[in-house]
Amino acid sequence: MSLNIFFEKEKVTLNSIFKNYKFKKNFIINDVKPLLKSKKNDLTFLDTVKYKSEAAKTQAGACITTEKLSVYLPKNTEAIIVSNVLLELAKSLKIIYPNADIDYPDLNLKIVKKDNFSKVKFGNNVLIGKNVKIGKNSIVGSNTILESNVQIGSDCTINSGVIIKNTIIGNNVVIQDNCKIGQKGFGFIPIKGKNIKFPHIGKVIISDNVEIASGCTIDRGSIDDTTIGDNTYIDNQVHIAHNVKIGSNCMIAGQVGFAGSSQIGNNVSIGGQAGISGHLNIGNNVKIGGGSGVVKNIQDNQIIMGYPAVPLKDFLKKKV
Amino acid sequence: MSLNIFFEKEKVTLNSIFKNYKFKKNFIINDVKPLLKSKKNDLTFLDTVKYKSEAAKTQAGACITTEKLSVYLPKNTEAIIVSNVLLELAKSLKIIYPNADIDYPDLNLKIVKKDNFSKVKFGNNVLIGKNVKIGKNSIVGSNTILESNVQIGSDCTINSGVIIKNTIIGNNVVIQDNCKIGQKGFGFIPIKGKNIKFPHIGKVIISDNVEIASGCTIDRGSIDDTTIGDNTYIDNQVHIAHNVKIGSNCMIAGQVGFAGSSQIGNNVSIGGQAGISGHLNIGNNVKIGGGSGVVKNIQDNQIIMGYPAVPLKDFLKKKV
Amino acid sequence: MSLNIFFEKEKVTLNSIFKNYKFKKNFIINDVKPLLKSKKNDLTFLDTVKYKSEAAKTQAGACITTEKLSVYLPKNTEAIIVSNVLLELAKSLKIIYPNADIDYPDLNLKIVKKDNFSKVKFGNNVLIGKNVKIGKNSIVGSNTILESNVQIGSDCTINSGVIIKNTIIGNNVVIQDNCKIGQKGFGFIPIKGKNIKFPHIGKVIISDNVEIASGCTIDRGSIDDTTIGDNTYIDNQVHIAHNVKIGSNCMIAGQVGFAGSSQIGNNVSIGGQAGISGHLNIGNNVKIGGGSGVVKNIQDNQIIMGYPAVPLKDFLKKKV
């Protein structure tokens, strides 16, 4: 069972959250997860018909959804009927994970003691939280902060002024100066006067051989994780929002931005300053020209450019 | 009287700056302010006919302007006729506020003593200047710098690696890692070989319930202030230039950029990587699509997109 | 002879790198340089016909190139014929400069002792590497890192949280908070599973009177240097890639991005969020509108705008 290692979790039952609701089978909520990752003691959610096929396959014990969407759920998943799915989900998350809606900075950091990490080299004033793991032959630069429970593999080079939280990093990864990884994403329920912050209980997972250049920001996932695949290289000042999944062997040039929850295939190259809208699927071997604005799903092997991005041939035609 | 709390001010008279000029009534300059905020002992400026109606209402004691524009000033405001208004203004400011043209880093910082701030929690190595105020139940993360006279309200979460100067922050504000707030804006008189830096004597004012994500830069105002309204949420790597005024309940997505002196209404949402040119008025309830380049004023309730941005209907028509 | 002051260099002969190759005249490699900067004991490279005229004038002792391109080399330059020039160049560089392919953070930093720098003022926790030089009347803000051998002129203001490595800075330069200067650029030979990182042995050279605002990233050169000319002003969050050369008296607004190896003339102004593609020549006195995407060389005195950028007249025509 993969427990959430980064956030304190309260032991609460379905009934203690949804007090007016009569459950056939009350249970202590193990975790809150996406439809396909949920097990029988997990709570999930369904807020759009787009995910009806995932809904049909969920093993979740309970699912926050609307009356209309509840028909897509299997018999073993109890539907919790609400009018605003994301609002009720946010409220539930705040009860189960009370510290995940704001990036409360880790107040239990200590200047690293080199004895605790044999075969790891450190610069000055490296601040480390509880239970941080760092593999052999890794190097951590000065003024870098690794908050509690962060895991870093072997042969990694983490530069100076980097801040990492809620993140698991593989082997042979390079992270250049001043990157900020694992902070809460831009998620909230807009309410005039006082928005409700959406708790982010996901993490960032960075695979082996990844290189991330200076000044990038990578937000952790909200319910799911933000992931970066093997051997993907990311240039300076790239912004990667919550839940984005980038495949292997990708090349992402400077100042590219990814909105939340998009999925990028393998071997994708993206030119500088391009923007990828939220909730898109970009296939494998796609090439996206610099400055493009991608607003639709893109099939495998396409070469696209423009704002909004179109096949390169069409872009060139239009501009001549 | 609202004194400028952030910059050392010299006591100088009009005549000591403008030596060749015969004033009807010389006075010690209290402050340099925009037309409508000036009182009788303040110096103001008028460099474009665009502000003629503000000029008519000014209560300033004196105004740097051109011969042509001087006709718009009321009788009680003495016109100081020059050929280059901004150049003379910059020179005057440098005399009155000798330390505002460069971000001289605060050299009187000390590692915070927790005793001095009861009910505030601090990470490691928090550096604090003189006379900093922080309200109760606020948290400040490690390696963060709060320069002298900065004010932070209660229930705020200021994360790690943040640098704040010349700024006043309300209650319940969240600022994520590595934000840089209150530095001098991009203002200077271009001269080949050695530009003249325009002193920035304004500040940044951030209202209650604002959330600012990682890696944002918010420049302080030049003469006026840079302001961010209540409950406005700003995503990662957003750039906000000097004098920009953003209203309440706005949603600003990642990597958006605001050029100087633009005014944004309330309930405005702006998609990722959009750019707002300088000196524009964007109305209330405006929605601006991701990647847009806004170069004109926008009325209330418009939905716009494109580069340059046009009403969404026109944008979609053109692209099909 | 201008030795490379920033990277440890191994003493190796041509033959020890290219073992299967029979040289007329073997020699210890002094340095690896661009075609026109190489002398008789230097190794250079030619990977495109675009540089055939530079190739004809090179004084390099040896040149990695293809059979086809080798005809452009002078008699005194020995051609090392390979199929993939950049791959063999990267491998050679890794042998000669074993520490230049990753930004290994400087692990020999110390908190600055003010005695060592008379007439320089420091904030708290300034970390300095070996052999750093700082001119008189300069100021360095808190938490800033100056890695070994960095040179800073007199009357400079380096703000807080700045990280500088592999860089030479002139006099009267201002660098605002959190800039990251001199890190490795985004260069590698893409190989699925494990890219080969291209060693960056160049530096960053910043001339007198330059101002660089908060959060900028300036990568060092790969073989050549990244340079910024006199009195050029750069706004927040600008990204300057490896080998870019920016002239004097330029104005670069916020969030502009430069891809690698482009050359920008003097007196060029670039609006916010514009992007300049790689390997371009932008002339003198060029004005580039905000949000533009420049993909072609631009002659002197042009005013351009759009994506892709075209002369302003054409841009306005198209949009009306």
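Chains here go by letter, A, B and C, matching the order in which they are written, and residues are numbered from 1 within each.
Heads up, the rule we're going with is that a contact is a pair of C-beta atoms (placed from the backbone, for glycine too) under 8 Å apart; a residue touches a chain by one contact, two chains touch by 3 or more.
Because the structure is predicted, anything quoted here is derived from the model rather than measured.
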{"item": "Type of chain A:chain B copy interface by residue overlap (half), same or different", "value": "different"}
{"item": "Magnitude of the superposing rotation for chain A and chain C (Cα, nearest 5°)", "value": "120"}
{"item": "Chain A and chain B, separation of their C-alpha mean positions in angstrom", "value": "33"}
{"item": "Shared-contact residues (touching 2 or more other chains) in chain B", "value": "125, 143, 161, 178, 215, 237, 255, 273, 307"}
{"item": "Chain B to chain C touching residues, read off their complex", "value": "102-107, 109-111, 125, 127, 143, 145, 161, 163, 178, 180, 183-184, 186, 188, 190, 192-195, 197, 215, 217, 219, 237, 239, 241, 255, 257, 259, 273, 275, 277, 293, 295, 307-308"}
{"item": "Complex interface listing, chain B residues touching chain A", "value": "121-125, 139-143, 157, 159-161, 174, 176-178, 209, 211, 213-215, 230-231, 233, 235-237, 248-249, 251, 253-255, 267, 272-273, 290-291, 306-307, 319"}
